[in-house]
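Chains here go by letter, A, B, C, D, E and F, matching the order in which they are written, and residues are numbered from 1 within each.
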Amino acid sequence: MDKYVNLFYVIAAIFFILGIKKLSHPKTARSGNALAAFGMFIAIISTLVTYTALDYLYIFAGILIGSIIGVIFAQKVEMTAMPQMVAIFNGFGGGASSLVASAEFLSSPDSTYFIVCISVFIGSLTFTGSFVAFGKLQGFISGKPITFKGQQILNALLVLVALLLIIAPNLVFDSNIHSGNLSAFFVVIILALLLGIGLTIPIGGADMPVVISLLNSYSGVAAASTGFVLMNNGLIISGALVGASGLILTNIMCKGMNRSLANVIFGAVGSEQDSTSGSDGKQINIKSYSTEETAMILDAAEKVIVVPGYGLAVAQAQHAVREIADFLENKGKTVLYAIHPVAGRMPGHMNVLLAEANISYDKLKDLDEINPEFEDCDVAMVLGANDVVNPAARHDTSSPIYGMPILNVDKSRTVMINKRTMNPGFAGIQNELFGYDNSIMVFGDAKDMLTDLLKDLKEL
Amino acid sequence: MDKYVNLFYVIAAIFFILGIKKLSHPKTARSGNALAAFGMFIAIISTLVTYTALDYLYIFAGILIGSIIGVIFAQKVEMTAMPQMVAIFNGFGGGASSLVASAEFLSSPDSTYFIVCISVFIGSLTFTGSFVAFGKLQGFISGKPITFKGQQILNALLVLVALLLIIAPNLVFDSNIHSGNLSAFFVVIILALLLGIGLTIPIGGADMPVVISLLNSYSGVAAASTGFVLMNNGLIISGALVGASGLILTNIMCKGMNRSLANVIFGAVGSEQDSTSGSDGKQINIKSYSTEETAMILDAAEKVIVVPGYGLAVAQAQHAVREIADFLENKGKTVLYAIHPVAGRMPGHMNVLLAEANISYDKLKDLDEINPEFEDCDVAMVLGANDVVNPAARHDTSSPIYGMPILNVDKSRTVMINKRTMNPGFAGIQNELFGYDNSIMVFGDAKDMLTDLLKDLKEL
Amino acid sequence: MIIAIPKEYNNGENRVAATPQSVKEYIQSGLEVWIESGAGEKSFYSNQDYIDAGAKLISSSEELFTNSDILIKVDPPTLDESRILKNNSIFVSLFQTVKHKNIIEIFLDKKITAFSMHLIPRTTLAQKMDALSSQSNIAGYMAVLMGATHLPVYMPLLMTAAGTIPPAKVLVLGAGVAGLQAIATSNRLGAQVEAFDVRPEVKEQVESLGAKFIEVAQDTPDGVGEGGYAKETSDEYKQKQQLLIKEKISKSNLVITTALIPGKPAPVLISKDVVDVMKPGAVIMDLAAENGGNCELTEIDQTINYNGVIIDGTANIPGKMPFHASQLYGKNIASLITYFLIAGKPVIDLEDEIISGSIFTHEGQITHQPTIDFFDRG
Amino acid sequence: MIIAIPKEYNNGENRVAATPQSVKEYIQSGLEVWIESGAGEKSFYSNQDYIDAGAKLISSSEELFTNSDILIKVDPPTLDESRILKNNSIFVSLFQTVKHKNIIEIFLDKKITAFSMHLIPRTTLAQKMDALSSQSNIAGYMAVLMGATHLPVYMPLLMTAAGTIPPAKVLVLGAGVAGLQAIATSNRLGAQVEAFDVRPEVKEQVESLGAKFIEVAQDTPDGVGEGGYAKETSDEYKQKQQLLIKEKISKSNLVITTALIPGKPAPVLISKDVVDVMKPGAVIMDLAAENGGNCELTEIDQTINYNGVIIDGTANIPGKMPFHASQLYGKNIASLITYFLIAGKPVIDLEDEIISGSIFTHEGQITHQPTIDFFDRG
Amino acid sequence: MEIINVLTVFILAIFVGIEIITKVPPTLHTPLMSGSNAISGIAVVGAIIATKIDGSISTFLGLTAVILATINVVGGFMVTDRMLKMFKRK
Amino acid sequence: MEIINVLTVFILAIFVGIEIITKVPPTLHTPLMSGSNAISGIAVVGAIIATKIDGSISTFLGLTAVILATINVVGGFMVTDRMLKMFKRK
């Protein structure tokens, strides 16, 4: 071991640090990824150069095979399947850590049993956990939480036994240290593999991204512990980095879902996307978004059309709308207002409302003016409006509002609909728009929602 | 050297890290300071316990003397003199680092000359720099920038020569390594002491806090280099921490002043507070605040009274006011509006204006209702009003508005006045209020200013 | 097919049933348009405007009535006018069936297909024909302006060198379309607005306009009838209402009443003794004047001063804003007529909710149930 | 010392020079207050209110004029009234000196100390006595309401099922106090407001109310006279102004004119041929009617319809809002009187800017320079 | 002393890890996860070293580890890059 | 190897230092500066060790260093605490 290799590991670590930092900002994310990849390149090359007596044949064969598989996976996977891909990769990483630790242990069993076990335990757990997550997302395993009585107790038991075996193997197995350790070692592996499955299977598909993020953090810890086994600074630093930042990311993701990590892991709720059946029994599948995600969408938009309805007046959110619009306009976006002739509860209701917030008359467009504009509109923000954007009026001859001209919000790239519930509007009819592919629902009182949205927009 | 001492240093470092983190949030700052102090305690005790052959007599004597002086300084100093106090302490710290490195070097000259010199150089520079900063703030040295021709060149020369001596002492001095190094060492010290003075003296008193922060960062670097001399992890980690975080803090402070660090250090502008002379030749000394500082003041307030004037209408900032007021009210503060009978340019101008922003009638108070309220008001926000808050109306019989009842904003704890310039209002007379001790001016168009202020309030 | 627009001769009626814009619409739908000379004058539409739009100018009213296949008006016809209507023709106007029994009898006789713009269903789809909405909206808006002009006080809060003027207190009784618009307009002018109505769901609507809703504590929410209209309400309710109203009214500067119950006289919300306790200088705008008034003292089409309280009983307020009133009414009627025209010919589909809802005589039969009930009662 | 408040007998004058509130102020200052019975009636202040405040009720007008040391009024006195005023007494009312030469002569004769509320300096300090401000403010506000009531169209923008109603275009000519308030009120109602004035600094004030200022391109900014009042302006300027005004007016629904030049007839801003190009249904509210009107066709105290354009020449608009108009005017006068009272006795200090500014006859002399000039001219 | 030093490094690295991300916009959650996951493929370094360890089992395990870790590294960085490319505004 | 290890620690500590403060309200600028300044008094540890170094100059320098560094530490933490106490709302 040359002493300079550690220097290179530090350099690699610096690249990782900068990479992760940049990855968390939209503008620099791509270059961040490249930096991290370059750091990895440094780490690998310096290892190959410094360590002697390596089995280069195996190594190159391994790298070649791994690269080919990795490239194929990365190229072939569909964009929608990204999360499960990450899960697999993560599983492989965890597996690798655990294999390396095992190799070290098996060839020289006097290497610290404790630390090897930790490494193997976490690595194996990550391995199976990741594959379960993959299976759930890919649909190989039901996305629904799979639960049974005593599940938590069983998991707890697995952990306890494994811990016991890691700390004091000889209490259980052969008092001969070496053979005792060996037996315990294998049992720990099996327990960890089971635990990975046991922990992941009760979590619903919707929560999988959080789980993957958590497992990612674990695989960092696994790498770090392997680092301790090999006394290798590179693994330790990088592993610790990933372990810590992964945990923070997991936490951020949980917060975004308004849940605690504990709730995600042990909640076993992992509910699916809401689905609501209207009075006529038709099922509508909707996508419910947080204001944070909505802010991201608005941020990317160039042209936004606000569609105010009675709900906006009920919420008295006229000033909040104006604040959002001001903010977007300051960012160089176009904001228009689409006023449907019967929006609200009296003729001109929306005019009175928006005049209160001093919204300039030239931004208010009536139905005929605005409908062609939806075609190249990025986001239509439907705020407390319902009947006036119901596409049934266009095509459903049985609808009581069939024939009424509506605002064609569904023609815009994204339709963001804010209301408090899935209740119908004045006409008492269900609105299929809410289930359209380009529709997203943001539930809540319009004023509260807009206030949060503004906050999130400012924080981007 | 016991190997466990390093473990304790790491623990101390963790306390430092947590301490600094907590120090940067208002709510946790005090406990952060305590944590850091506790970390220091650990570091000192473990050093005393672990290292053998220490000269305990000297050590305890030193600690006792130092503690007494430190306590006295810390107790006696007036609140307004805090920054200069910090400067002195900082100078001592830098001095100490440089003395330790010197001691090591003098007793065993084969200790790495290079690293010793770095340590001594930075430590000495910090020492004199800090004392100049202290002198400027305390008034011993003129607070004005002291500049002369070629100053920058001289400083550059000092740096270059010192660097040369640090890197290649034998090029200059005796080719005998030891004696050559020794001579160079002393010259470096002298150069560093001069440089500390030379760098600090051209900077104006107003910029001193930034300089102190920068010198603080340097003293961290000095400690870290001393750590390298002694190969002591504790000094290295803590020094690096302070060095890096100090630099970031310096940067934040510069940004807050809307200047770059380079501009502060080499600008030699360091302008004093504005002072303006009115048309009648009377001098008014005003304090001009940034919106960021204003936000801090508002944040600490419980009761805020907004005093709108004609300028608010000109800026059409009625909605901006409402947003600020909403924000403050959401934080549990009381916000009232003081409407002077002749504010604006037509009877009821302010009523029309505030009604546009839907500000509730019960928050609008007329002169008689509001004047007693100023007594226990924390901040009076005077927005584009002038004549109606001119205290001359109360006491200056020669004033053309003598006898008119005014809003007694000067009775509140802080009066924040926003206008664009120092120009007079409708009555064409100067306003002594602007120079009152409890007045602060925030210049700018009312709408722009309020928008910035809101941003800053949200970022607190 | 001839569609004819006669001039309105009723006193105070400045509106007209078609604007040049709607004339164009009719011609596009394949109708021939006849208009009486001077029909649009009081609404500021000149004869020339109509001729330019393609209408034929007719100087005699009689000629229009006797020859047209579709006759559209603002007000109901006089008895004489209805007698000369062409048999089997279509007639459209604002028409309160319970007020014009003898005209209906003539319609039945002549097999007139008669539509009342009063009867357009209050559904989302029928909104564009909803003349009650468009005209009530004007009434609510104008009532505030007229009331504010009567008032001896400012509407908004003003803090001036000569003292602080408190905002006027406006009370809106009945918050249908007119009431809501009155709330909105008073609010704009800076008054303090309170409102109330027997229908509980109106609370949210009132609040959506930034006003305060006054609630009469009641046990059973039974103020709602069919189709969104209010029913005459229980005695106990009325009592409580009277008390609360009395208290609120005594403090108000401007009271705007809009309470109506279709097919019945307007409910009396303000009796004489309530007016007695009002402040001098207070104003009552009674938008229900045409149907008897919500105030006991209201005299139709008169503005009286009762002990310093001004009570304005102007019946036809939309007629005071004739340009826009005619434009909106013209559009409402045109929407109805183009709705039942197929290739330029009227097709009366009694299965259609809007048609069956707004028609009251057809082929010699009364088709509107409440009108049948009314005839049955005698 | 007796201060007396007679009833106003002028046609359309509903105001009174003191309210019960100001009566209390006078009594506190040590004056005895006499008031004519029924003086406050039309402003909705009853005799009883005054008695409660401490005033003595007098039934004969003559008794007041002959006995009082200070007599306060809204309108100038008639010749007969001035003849019976007590010698050396103080008289205060709104008074345009150039209009009442013979009354001034009587005042000089009787050594009356006469104040005109028209002459109060427009300084910050004198604001609380500034009756022109308080009354103009009412005029500006009421003019919009009256104008909107005359209009056959809506003021605000409305997008309804029966079509989109564009906002009314309001043009305010002359943006002093009345003009600014007219802008603010029109804005509140949702109209599109433009304004203009010869004084360039008014631009910022107009914009501070959210309206657009129309500028007449001019080379020398010479529209400004002393004390903030506008001077009669150059011919060239007038021409350009006429052109721009004509264009803007032809597009406006409501034109409100408030241009005044103190001591002179009001400038004519709208000649007959301009009215000819206005849209039918447009409305002109001429607030300068009392001084001859800003529109050539204005007839004082009449509302005429000229080819469909309504021109309202109501002279005394504040009189239409008497409760608050009297309250503010009463406060203005009370502020002036308590200003020159020392221990219950009037002390006329001609060094004082406010006193010397608003007084026009004192001890048999005319003290007001423009009035002297006017007398000199003949 | 070695272990203490290594521990020091470990602890400091954890602090860095905790501090470097404070706020991440939701769209970057997955890419960031994926990118840092690729970094945890640093196990490849361990795997390379492991091939040196004698004993056929170890070598075999090492080889497998190299393959798995390489997949993690190569696939991880590439997939991340693909995701991020999507976000680029047109 | 020692120096590399120490360098590693140094670099990581710098990163931690950079990351721990991101946003500081202006009122805390001075206290934070003062607090971290007190931490840089860690030189006291070096000073203590320096007394051990033989030679009277060294011992003298060490003693002086101990005094100065102690002033920095004790005074620094105390002054910081005094400042922070001020901010406490009544």
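FYI, a contact is a pair of C-beta atoms (placed from the backbone, for glycine too) under 8 Å apart; a residue touches a chain by one contact, two chains touch by 3 or more.
Remember, predicted model here, so these are calculated numbers, not experimental data.
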Steps needed, at minimum, to get from subunit A to subunit E via touching chains? 1
What chains touch subunit D and also subunit F? A, B
Taking all residue numbers at the subunit A/subunit B interface, are over half used by both copies (same) or under half (different)? same
Between A-D and B-F, the pair with more C-beta contacts: B-F
So which chain is the furthest away from subunit E, centre to centre on CA atoms? D
Subunit B to subunit E, mean C-alpha position gap in Å, rounds to 41
Mean-CA-position distance for subunit D and subunit B (Å): 58
What whole-Å value do you get for the distance between subunit D and subunit E if each is reduced to the mean of its CA atoms? 83
Which subunit E residues reach two or more other chains? 5, 8-9, 11-13, 15-16, 20, 22
Sequence positions of subunit C contacting 2 or more other chains: 127-128, 133-134, 137, 156, 158, 160-163, 165, 188, 190, 210
Shared-contact residues (touching 2 or more other chains) in subunit B: 13, 17, 233, 237, 341-342, 347-348, 352, 355-356, 358
Would you please name all pairs of chains that touch? A-B, A-C, A-D, A-E, A-F, B-C, B-D, B-E, B-F, C-D, E-F
What residues on subunit D touch subunit A, complex-wise? 156-165, 167, 190, 192, 210
Can you list the subunit D residues touching subunit B in their complex? 123-125, 127-128, 133-134, 137, 140, 177, 180-181, 184, 188, 204-205, 207-210
Which stretch or stretches of subunit B touch subunit A in the complex? 319, 322-323, 356-358, 455, 458
Listed in rising order, subunit A residues that touch subunit D in their complex are 339-342, 347-348, 350-352, 355, 358, 361, 364, 366-367
Can you name the residues of subunit E that touch subunit A in the complex? 2, 6, 9-11, 13-18, 20-55, 57-59, 61-89
